[in-house]
Amino acid sequence: MSELLWLIVALPFAGSLLLAMAGKHLPRLAAAIIGVGSVALSAIVMLILGLDFLHGNPAGVPIHQTLWQWINVSGFSPGIAFHLDSVSLTFVFVITFVGALIHLYAAPFMWKDEGFARFFSYMNLFVGFMLLLVLADNFLLLYLGWEGVGLCSYLLIGFWYKDPANGYAARKAFTVTRVGDTAMVIGLFILFTTYHTLNIQDILVATPHTWAPGSTIATTTAFLLLGGAIGKSAQVPLQTWLPDAMAAPSPVSALIHAATMVTAGVYLIARTHVLFELAPVVQSAVAVIGAVTLIVAGMAAIYQHDIKKVLAYSTISQIGYMFVALGVGAWSAALFHFMIHAFFKSLLFLGAGSVIAVLHDEHNMYKMGGLWKKMPVVFWTFLVGACALSALPLITAGFYSKDEIIWQAYASDKGSITLWLTGLAGAFITALYTFRMVFLTFFGKAKAEPAYRQGMGMTLPLVVLAFLSFVGGFIQLPDNMGHVTLFSHFIQQVLPATTPTGTAVIAGLPSGHAAEWIAQLIAAIVSIAGLTLAYRLYYNKPFPAAEPVRNPIQQFFFKGWDFDLLYDKVIVQPIVFFSRIDKNDVIDQFYTGLASVAGLFNKGLAATQNGKLRWYAMALAIGAVITLTILLST
Amino acid sequence: MNILFYIAALIAIFATVRMVTGTNAVHSLLYLIVSLLSVSVIFFLLGAPFIAALEVIIYAGAIMVLFVFVIMMLNTGSGGVRKEHELLKASTWIGPGITSAILCGEMLYVLLAPAFHPMNRIEIPPAAVGALLFSKYILIVELAAFLLAAGIIGAYHLGQKPKLSHHRYLKNEEAAT
Amino acid sequence: MILAWTICLLMGTGLLAWLASRWSDTLPRIISLAGILLFLGIVLYIWFGHPAGGRWIVHYTHSWISAFGIRITLGADGLSLLMLLLTAFLGVLSVLVSWKEIKTRVGFFHFNLLFILAGITGVFVSLDLFLFYFSWEVMLIPMYFLISIWGYENRTYAAGKFFLFTQASGLLMFLSILGLYFVHGRSTGIYTFDYEALKGTLMSRPTAFLLMLGFAAAFLVKLSTVPFHSWLPDAHTQAPTAGSVLLAGLLLKTGAYGLIRFVLPLFPQASHQFAPVAMILGVVSILYGAKLAYAQTDLKRLVAYISVSHMGFILLGIYAFNQIALQGVIMQMVAHAISTGGLFIIVGALHDRIQTREIGQMGGLWTLVPKMGAMGLLFVLASLGLPGLGNFIAEILILTGSFMASRILTILAALGFIAATLYSLRIMQKVFYGTVLKKWAIADFGIREMIVMGSLAIVIIWLGLFPNSILNGTQKMVQGVIEQVTITANMAQNENR
Amino acid sequence: MTIPMQYGLLLAAILFCIGLAGVLVRRDVIFMLMSVEVMLNAAGLAFIVGGAARSSADGQVMFIFILAMAAAEVSVGLALIIQLYQKFKTLDADSASQLNG
């Protein structure tokens, strides 16, 4: 069975290639079948392989497959080779399964677009690269996928290229992530020069023996890899590209900018967890970055009026949670939240996409309202997603995944009360902006009429994802409630379990089951409080159908804490200025200067050549005189 | 006999100066001939009768005839004469004059320095000259032949009148250029 | 012998093409195409058919000017053959791209084109330093004509600048060749220009360094390293498309080839002394070239500055003195030829259609010419070093190798990735994205152009996925060079102790 | 009683310088040409004097060469003068300055 591994990756690539070459000449239906079919087939192969892996392989022995030797230069010999273990399987599952659903949704969604085949070609290409990323057995192949998904993100953000703004957003996304990628590449150089291999497993095995915990080299390497992760996962300070990336079509936002690509950073850190454990400074930096990000992005989400931007900031914020989990060593919690988040966030994006589409490309929530009666399926599924996002207790999957993180932020040996409080604050903010979005969009007075009813193709994925957002949480329940550990057990084949604090971190605070009960209660109260506040502020309030007026502070949050302004002033403008002032290249000017000096000499000498015979004869005579004089005087 | 040398030398200098400063081309030409003739006297005195003869025949004879022809052909009239009056202005001649004077002075200084060395009066017959020409200097003789041939062809080519174009368009074109 | 025949074949085809222009304009094109295809066939035959082992895969020597010890010594190893393959491939493409573009003096154009190719072939296979210099000059003069006759508006200036830079630096190299000749002759009594014989010449350190500088001058100018790069943007911009393709694809590579083939083996120790400077120059080239590329508004000039930046990687890699970096350099030589060649062809095609190279005048062209846009995207991505395409393999190998030699410089060079993103995406943004500014009525790529671009695209992707097919061929040669350089340097160090 | 060689050479020098002055001062091309003849003649004289001092025929040979050269020079020079006159309608050397750079 395991020989089929390469098919999972190859199918989307084949679909992409086929669509790129022949897409123009294919009828839409054929293009759709190829585009959706390739990913769906890939998902089926994944399911077969995955079941095989779960049943026939209880110890979780990784499946390894080498296709061909990629490069082979005196020890530098990464291959095109795959490595499937529980962590990559989780990611592959989300990528292919959620990916297939989103593809299915996208077929009717993009039906009228002139670049239909091009769209699916890019989407398939993305799925292929993403799978390559998570399946790669060496860092170079991982980097190939890493850059590949960045490229597809670029292409899809700029998909509607006729609007220059989309192109700029795409370029920004690619450039900002490339900053992180470059840091990561330098990290790879360090790894290669130390271990003379780029094979991930080999390095992870070798690292604890060669590098002392907390040593400079380990810290530097981990820090550089973290740079890559921050860029891809849109964490502070490289988060600015993601809100702009909402220029992409909604299925793209769902697939790339919510479910899969932006979580590549989480994957990278989880994959190289050994390195991060050797560099405690960096690991706590991960937690701090996550914590800062979840607050920064959450605050920004509250003030957005564009429904997709709310979701974008929400994504940044939720990935912040995952980073917190990674930072405190709660590996399986991070991956669990990744999976659940992929379900509900893509659901939300697809729902938002439906709303935007039927309202004639209207993004402003203040111009929506009252849609719950008109689009019941979209409303109910969206509501499920919103509940999961706000982590409403007991019933939603989001509660179980997020609660796990918040609890571990407190209970893990690397956790602290500050992180816990930040997590709680984030939960409150999340509930607030989520239900603000729900109330503004679906309740209140109707300000616009839906243009059409959407078909089954778009509804089915919503329902499936809503279902997953409900039941997904029950595969992993906290110790005190049922103690189901299907997921964490599965993940712990690869990643270590969280080490709880032996004694209570902070004296005087309770620990153990009692503490967990209390923490869950607090978390539940906090999210319900957020909901309630949103209800008070936004339910059925007569807002004008326009962009809201904001005071400077609100404006500051609205602009994402003015990070863009800062970068523009500090980085972009100096670079542009620097390249403008020296457009014509001083060095070239130097050579031109040399040439013009020669030209001056030429002019001077040319003036002596006046064509007068007597002048020349005179010069001869003077020359003779001078020569003679010199001869005589010596 | 020595006195003859000095007289010839003085005449040569005097005639040359008059030639250079003269305004009428024909007069100058005559002075030039006088100068050449007196130099030929000196040649004779120095024991080179063949060269003296050549000087008279070729220089004073043939070459000067060429000059005469050209002056006759061009017949510049009085226009040239008027221009040459500018010679009288100091600014015209002072620079070249000083340069030449310095050159002359330096040469004199060089020539007067070495010790006395007499010029022999032993006559060297043309036969000796001829023998030398066609033995030791044969290569240069041939080169000189080339030079003369080139001179003839050049003179022929340059002396040609420009071809008349009989077509009126071409004529107009030429007039325009 | 076969190498000598290939050079004769190219020259003969050139003469024939010139003659054929008496009768028709198409005939020279067909003749040239046939000639170069034959050349390609021969090279492929050698590439696939060579017996394993042996230092030189093909070797030929014959007396030329025996009084001065000058011989016609030709030889090819993996690197030479690879370069010949590239020469033949780009030769075919440059005939194809000028099929419609060149309308005047077609015969003479192809004559020049083929003589450039012949000269380049000579450079890549000469093992006699005099013959090498001779070929070096042979490739310059037709290129001068190519720029100054069929170039764009500012062609005379550009051609003159190109000629002055390369000629002046070439003379320095000639001085060094003569210097080496005499030094070797004095010490051994054998006056020869033979490469293998000159390899082990004993000389004092300052002499070696001076002679090395002479060689390096020619090659650095050819490689357009930053303080000597200023001929390149003008020449590339003004040359006709085929000229730009050959300039970027092959002529620049002769500089890199010269460094690898001559400077390192002939002066191993002096090269070590020179390495820090060279690596710094390489990094400066990468960053400064990228910066200038970002600032340009003339599309062709922008692409030209990309070359400057990419050549910086080559310089950095050569002087890192390890196999990984050197293999990366070879990869970069090929990949850059393909990617920049592709970009130049696109710019040329665009200029043919809209008569301008100003970026400000373009925009939204994807709608009008989607095939061109897709191809443009591919090569832009290649030039920014996207993994999976040839340039990435090259750059990652170079940087990995140079990281072992110098960490700080490599980190600075890695910033080139970010800079490359900026200038590359600017092309996409300004040319193909956005709204259409003017109502162009232009045709997309036709069949001939798609053949050209398609073959380039296949090659660049092939290089990205199966780089081993090339790296294996040059592996022996690279190993030889590196071993020689390191052994000699170690010996010198021991002596110093 | 013989004349010292210096005197002969002196004469040659003086004639040469007068000729030179003529070339430099005069604007009429015919006068310039005549002055050149004087200079050539002076050079020839110097050769003869030298030959006489050494009692050898070489000096005379040289004079013959100078003579040949002078003949060629005059023939071409005069032809040029005719061309010049036809083109510019003047014999002023300064007016024929089209070769200025």
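The chains carry the letters A, B, C and D, assigned in the order they are written, with residues numbered from 1 in each.
Basically, contacts are C-beta pairs under 8 Å (C-beta built on N, C-alpha and C of every residue); 3 or more make two chains touch, one makes a residue touch a chain.
All of these numbers come straight from a predicted model, not from anything done at the bench.
Looking at A-C and A-D, the interface holding more C-beta pairs in contact is that of A-C.
Centroids of chain A and chain C (each the mean of its C-alpha atoms) stand 38 Å apart.
Computed from the mean C-alpha positions, the centre of chain C lies at a distance of 61 Å from the centre of chain D. We define each chain's centre as the mean of its Cα atoms; on that basis chain B and chain C are separated by 65 Å. Taking each chain's centre as the mean of its C-alpha atoms, chain A lies 94 Å from chain D. Looking at chain A, one finds that residues 614, 618, 621 touch two or more other chains. Multi-chain contact residues of chain B, defined as those touching 2 or more other chains: 95-96, 99-100, 103, 107. The touch graph of the protein chains shown belongs to none of the named shapes. Of all residues in chain A, only 605-614, 617-618, 621 touch chain D in the complex they form.
Per the touch definition, chain D reaches chain B in the complex via residues 1-11, 13-22, 24-28, 30-31, 33-35, 37-38, 41, 45, 48-49, 51-53, 55-61, 63-65, 67-76, 78-83, 85-86, 90-92. Note for the complex: chain A touches chain C at residues 20, 24, 68-76, 80, 140, 143-144, 146-148, 151, 154-155, 158, 161-164, 166-168, 170-171, 174-175, 178-179, 181-182, 185-186, 189-190, 192-193, 575, 578-580, 582-583, 585, 587-588, 591. Across the interface of their complex, chain A is touched by residues 95-96, 99-100, 102-103, 106-107, 109-110 of chain B. Chain contact summary for the complex, chain B toward chain D: residues 2, 5, 9, 12-13, 16-17, 19-20, 25, 28-29, 32, 35-36, 39, 42-43, 46-48, 50-51, 54-55, 58-59, 62-63, 66-67, 70-71, 73-74, 76, 79-80, 83-84, 86-87, 92-93, 95-97, 99-101, 103-104, 107-108, 111-112, 114, 116-122, 124, 128-129, 131-133, 136-137, 140, 144, 147-148, 150-152, 154-159, 161-162.
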